[in-house]
Amino acid sequence: LRQGSPEIIFGENKTPQQISDNLIRIHAAHGKALATRVGADKAAEILATWSPGLPAPSYQPSARCLTLGLGQAASPADGERYVAVVTAGTSDLAISDEAALTLQFLGHRFVQINDVGVAGLHRLFPHLEVLQKATCIIAIAGMEGALPSVLGGLLPGPIVAVPTSTGYGIARDGETALHAMLTSCASGISVVNIDNGFGAALFAHALLRQF
Amino acid sequence: LRQGSPEIIFGENKTPQQISDNLIRIHAAHGKALATRVGADKAAEILATWSPGLPAPSYQPSARCLTLGLGQAASPADGERYVAVVTAGTSDLAISDEAALTLQFLGHRFVQINDVGVAGLHRLFPHLEVLQKATCIIAIAGMEGALPSVLGGLLPGPIVAVPTSTGYGIARDGETALHAMLTSCASGISVVNIDNGFGAALFAHALLRQF
Amino acid sequence: LRQGSPEIIFGENKTPQQISDNLIRIHAAHGKALATRVGADKAAEILATWSPGLPAPSYQPSARCLTLGLGQAASPADGERYVAVVTAGTSDLAISDEAALTLQFLGHRFVQINDVGVAGLHRLFPHLEVLQKATCIIAIAGMEGALPSVLGGLLPGPIVAVPTSTGYGIARDGETALHAMLTSCASGISVVNIDNGFGAALFAHALLRQF
Amino acid sequence: LRQGSPEIIFGENKTPQQISDNLIRIHAAHGKALATRVGADKAAEILATWSPGLPAPSYQPSARCLTLGLGQAASPADGERYVAVVTAGTSDLAISDEAALTLQFLGHRFVQINDVGVAGLHRLFPHLEVLQKATCIIAIAGMEGALPSVLGGLLPGPIVAVPTSTGYGIARDGETALHAMLTSCASGISVVNIDNGFGAALFAHALLRQF
Amino acid sequence: LRQGSPEIIFGENKTPQQISDNLIRIHAAHGKALATRVGADKAAEILATWSPGLPAPSYQPSARCLTLGLGQAASPADGERYVAVVTAGTSDLAISDEAALTLQFLGHRFVQINDVGVAGLHRLFPHLEVLQKATCIIAIAGMEGALPSVLGGLLPGPIVAVPTSTGYGIARDGETALHAMLTSCASGISVVNIDNGFGAALFAHALLRQF
Amino acid sequence: LRQGSPEIIFGENKTPQQISDNLIRIHAAHGKALATRVGADKAAEILATWSPGLPAPSYQPSARCLTLGLGQAASPADGERYVAVVTAGTSDLAISDEAALTLQFLGHRFVQINDVGVAGLHRLFPHLEVLQKATCIIAIAGMEGALPSVLGGLLPGPIVAVPTSTGYGIARDGETALHAMLTSCASGISVVNIDNGFGAALFAHALLRQF
Amino acid sequence: LRQGSPEIIFGENKTPQQISDNLIRIHAAHGKALATRVGADKAAEILATWSPGLPAPSYQPSARCLTLGLGQAASPADGERYVAVVTAGTSDLAISDEAALTLQFLGHRFVQINDVGVAGLHRLFPHLEVLQKATCIIAIAGMEGALPSVLGGLLPGPIVAVPTSTGYGIARDGETALHAMLTSCASGISVVNIDNGFGAALFAHALLRQF
Amino acid sequence: LRQGSPEIIFGENKTPQQISDNLIRIHAAHGKALATRVGADKAAEILATWSPGLPAPSYQPSARCLTLGLGQAASPADGERYVAVVTAGTSDLAISDEAALTLQFLGHRFVQINDVGVAGLHRLFPHLEVLQKATCIIAIAGMEGALPSVLGGLLPGPIVAVPTSTGYGIARDGETALHAMLTSCASGISVVNIDNGFGAALFAHALLRQF
């Protein structure tokens, strides 16, 4: 175990063969395996060439992840610690799903709350209680990235902000959201790289292991 | 009259002598004069060397402006059109005051609402009615510049966003706020240059003249 | 109605199915629907798979928009308020059309004036009267983005400047035009994001609702 | 209590008078007060003009902080939770002290470990046990900002990385360290703004309150 | 003669002593000498310590230049070639004066036309004939830098554009003007570095020597 | 004639049909026509659909230009003015050809000298005489863009520098070359946009018309 | 011989025909030839159209290089000088292979050590002896680029750092790694352009020729 | 010994007292000591408060260095290895002197060659033999930073390029020179941080120790 979890495969620069081999090897050792940043075409090729005798991975297109031996995510039971994964808009869903799948793989409970960004703050308020009870909040937003600031003003717990590449023009593929989150005037916020739902989940994992 | 108002003096690159001369000339022609971006030292020198026989300008240190013949600003009477000038934090007050003084100089009514940024959204809500009735909102914020986004989601009227150089590090002297405002996911927002309270007031002036 | 208009669909990150569903839902509720940022291929797929029993959307390739229930745009009658949508060059036409279609959708009159940028100022002068009578001007330009500055020096009304990604090299996909417009030495100008004709129209809408 | 602690004064844009007033007001209400980002000259003026009848603040020049009613920081007793505040070089000490003082103000234990950056990795190893037992690590580094990456590879707990403006040339006042930390290939790392020791402490506070 | 003219001293990084020595040496060899980028304080020190027996330089504070043996600039006689040096605003005058003095030093005729930028285009038109007859135009502007574009659309001759550091915020000390000029949609324009009136004059010199 | 030459078609954002129509229209009026920035595929489509009854354009793939009625370029006869178009490397040839074709279209003589950049300065020296006799030099270079600096130190005439997008990594698609050329320590250099061979030729044209 | 080696072909902007011709020409003169930056498709085309009578090049897909007459690389014999080519992660292997092949072409010995970056420092330690004995170290890393800093603190020899474009978001295609390496607090490090394994090998060659 | 030499003091962020203490401590241990980046005022204070009983350091204002026990630099004797330290202009001398002093401190021979940049290439040629015989060349240049490219084309040995902050406007305090050097089309060049003469000397030291 590296850092308390099986290795997770970064699929972006790997060939289908390399990803398959890694999935099989890690699954054999740990009973589960996860590959992130696997595009739809590459996933299709991996599934099409999968060895018939072996349990096959399943592909989550939104999260762009392949998983093996993962099962269904369960909702947090009463009193169980959980992470709240929140998005500003529907375009940020892919990053939320990557974070959620990574949390599930690492053995954590989570709830996903979507489309509650500043363009329609009224959609946020019904979720405040669930947010307040979370041990950690992952706040995902593109464009101007204002969601973590709003949450930081309302919630006492630690917020890991994830800027996304949603937006165009001077949104600069997520740099504007990234820099805005880093200069937030609200407190209790730290930030990870653009579109890095995986990294936010790993940080939440490092945090949750302290309990 | 250029653009429907006496010329306003841009004090930044001018000598005390040049500012004095311009104030006197414009006051003679229009009964009032305004110089923006005049630092405290330069203002002191202008006032110390002012010709005794002439009506002396008064200096507003927060707004960094010198005015001549301007009198007191009056609150908008019932039913009168007005501009709402809103700041996120107390550090943005200087830009709010520059905008307010420019609006007064141009003959408009305004209300100033301060320190209602996303770090403490609850402070914003008592002001919503006044904001909703304004013909135009000037929303001033530094750091991550989220205030216009929040207002844009709550208010139907046009919002002129002014990023400020408040903040440090990756706030980059206001560039992060500027770019965040330009990529706002809320609607009804347009943006002027960093710290340009003067420009926001002139835009509001161009808008108000259409009535 | 959010902000006084039916929701407008942002087509960029949506599947054809999602866009179709949204168009049908919004059209059912409001009698009209608009989707922006729909590329030609995606539009073709939407039209090819449209349910035969339902009124079909029409596609404006230049504006990259799908509309349903919109009819023909009418010219402003005498004395009617209108927005002037002005471009510097023919390459900026797509953004002008996006703005115009959005204005039409929101129930506003507009005139479009094209190819009057600084490379041939003489082409601008015949249009000055129409520009002076507009309640609001949307000024669209790429490359160095000088058109709003020129208009700002000539016109008293509010100018919403839209930088476009027209140009190459150090034009940086519209950033140079964006920053140039924000530092304009002319007055009465505010700015929206690169290629955001939609946002300029929504700002004009917020402004026009104040009358 | 905002976010579970008395308000902390951001001294940068405030006059000596404003800082004094705030210190007195907060101290009266909570028995303690803290002002960050107070330069040596401003602190001297505050101390010189302090009302003789009132308990005087003390100034920590390295941290650039004024405190009132704070007492001595105590080392964590056996089994007590604590934050490890680690610096790469001696130039980063000021930010470490700002973080430490803020932690103390918020009622947390901490240890400070200095000068253990990648230029001399052997200096890091004797501290590994103390680092492994910390509930949260604040890792502070300028120049290329490699310290959090090294710690992230060695430690299981959550690391809040603080880039500093130490360095010259292409260090760009901390932007290089900031961006390097955000792209770290190690896991369990999140990042705050350049020189923001205060913000890292507040994030640790949000995290520690969850226990 | 390097490049057909006596060496010109770049005063910025030189001590008063070094500048004095160079002025004397070059004046002895060529009967004239020029030092650019000499601040007011440095110039005062040079003049105060000048050897009594030698002809003393004269200082032009606006141009920040010291000259020796230069005499008065003469207007171009009828039919004589000349350079037109044009500024957008009064803040650009220093750069115009640096260019003019350098042209005079190199033995060329010039006319200076000031404050004819896009904020008040009507001020430009009375000068069109003088501009059209110039062999070369040096067009100097800060902020959005639109003047060369306007001139390029009106004039057939070669225009050397000089961006200046006039402006604030996203003007970025002249970078916005520089990049705007480089992406001009008008033709016949080339560009030199920010505030480089000297370089524009040297380019005009290289051009004029071809006759 | 705009600026003393028939309009030149900017092919980048135009459909094949639009380019064909413009070529025919301009050729009818002036006996010659030129379209720049026409990719190979677009050119093939234009040629394939060309009206059989009309004189067909010819395509220069390196220059990415279509021409009609242009004939062969002739070398400058003895004593004739000419432009020297110089490249640093073979990758810059496309921009040299665009400049050359534009010069030919505008009626000027030119010589092309290739691959004489700083990586092999000895290849430059045999061409010095031809360079010294040119009325204007167009110096084209990518990567670090040092060629104009070297030429500026050796040649008395005016040099129009064209940075190209040749290079990778921190070459940033030509920005590094652009900025390097603008800060050249050699004199007599001005600069146009990245890859803008067309613009350099138009500047040379403006310059040559003064004779 | 240019700089002590046969010319090496930069394949990026060349046609298959040009690359073939150059390979044949150089091979004829020197008995060996190398082309770098040849994509898989271009290589396939070159091989498919290769003249049957001539010795054919072989293609190394990872290094994206074509070689002719090169044979197998040999490990350094005891006491032989060698270069250590080290990567932080498997994604950097392509650049390592480009460097290695270039070194082989230039007649040098090398060892390749892979995947020893800061995410797993324990993997580095077994290689320290081999690294200490190398005459020159080429250290290749993407993302935050911390490997050269770590090596610089451990090794006395000269380290040529190569940033790679591995990473996403604010990694900015290698700029973050490049700037981090340049601001390294460790000593004995110099840096080449992003992904420039070729350039690092040529620098090592220049260094090794001094023995 | 760290990396084979006594520690060298980085004076920039240290108090006079800290620098004095370090000089004394290192001198006691090694018989020599060096502090870099010590401004003139700080040096004066150190010298004024130096303990009378101890050997006093000497200050080199150009290099901004304090040295103790260093003696005179000796020229390389026949056949001795040496480093050539070359500058483009006189403004780069300070960095050359910092490099030279560091080399001397580390026990190496060097020659300094000044003011041989591309603005006057003829000044370079008389030095070619000395440059060709150097084991390592340190090439220092500001503005467009073309000197290393020119040297790289002429010399077979390794060139460590040092960009300087000389220049204004788009020279961006050395970033343009830095990026230009990194994209040099000449071979055998690697680069260190802006103004980092010290770092270049340390790299040369790491290289020279391999003999």
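A, B, C, D, E, F, G and H are the chain letters, set down in written order, and residue numbers restart from 1 in every chain.
As a convention for this text, a contact is a pair of C-beta atoms (placed from the backbone, for glycine too) under 8 Å apart; a residue touches a chain by one contact, two chains touch by 3 or more.
Bear in mind the structure is a predicted one, so any value in this text is a computation, not a measurement.
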Tell me, which chains sit next to both chain E and chain H? F
Angle of the rotation mapping chain B onto its copy chain G, from a C-alpha fit, rounded to a multiple of 5 degrees, please. 180
Report back the single chain whose CA centre is most distant from the CA centre of chain B. G
Go through F-H and F-G and name the pair with more C-beta contacts between its chains. F-H
Classification of the chain A:chain D interface as same or different, half of numbers criterion: same
Roughly how far is chain D from chain F, centre to centre by C-alpha average, rounded to an integer in Å? 57
Could you please state the distance in Å, as a whole number, between where the Cα atoms of chain C are centred and where those of chain F are centred? 36
How big is the gap, in whole Å, between where the Cα atoms of chain G centre and where those of chain H centre? 29
In whole angstrom, what separates the CA-based centres of chain B and chain F? 48
Multi-chain touching residues of chain D, meaning two or more other chains, are 120, 169-171, 178, 182-183, 187, 193
What chain-chain pairs meet the touch criterion? A-B, A-C, A-D, A-G, B-C, B-D, B-E, C-E, C-F, D-G, D-H, E-F, E-H, F-G, F-H, G-H
What part of chain H is in contact with chain E in the complex they form? 90-91, 120, 166, 168-171
Which chain C residues qualify as touching chain E in the complex? 88-89, 117-121, 143-146, 149-150, 152-154, 167, 169-172, 176-177, 179-187
Tell me, which parts of chain B touch chain E in their complex? 2, 12-13, 163, 165, 173-175, 178, 193-196
For chain D, which residues count as touching chain A in their complex? 3-4, 135-136, 156-160, 178, 182-183, 187-193, 199-200, 202-203, 205-207, 209-211
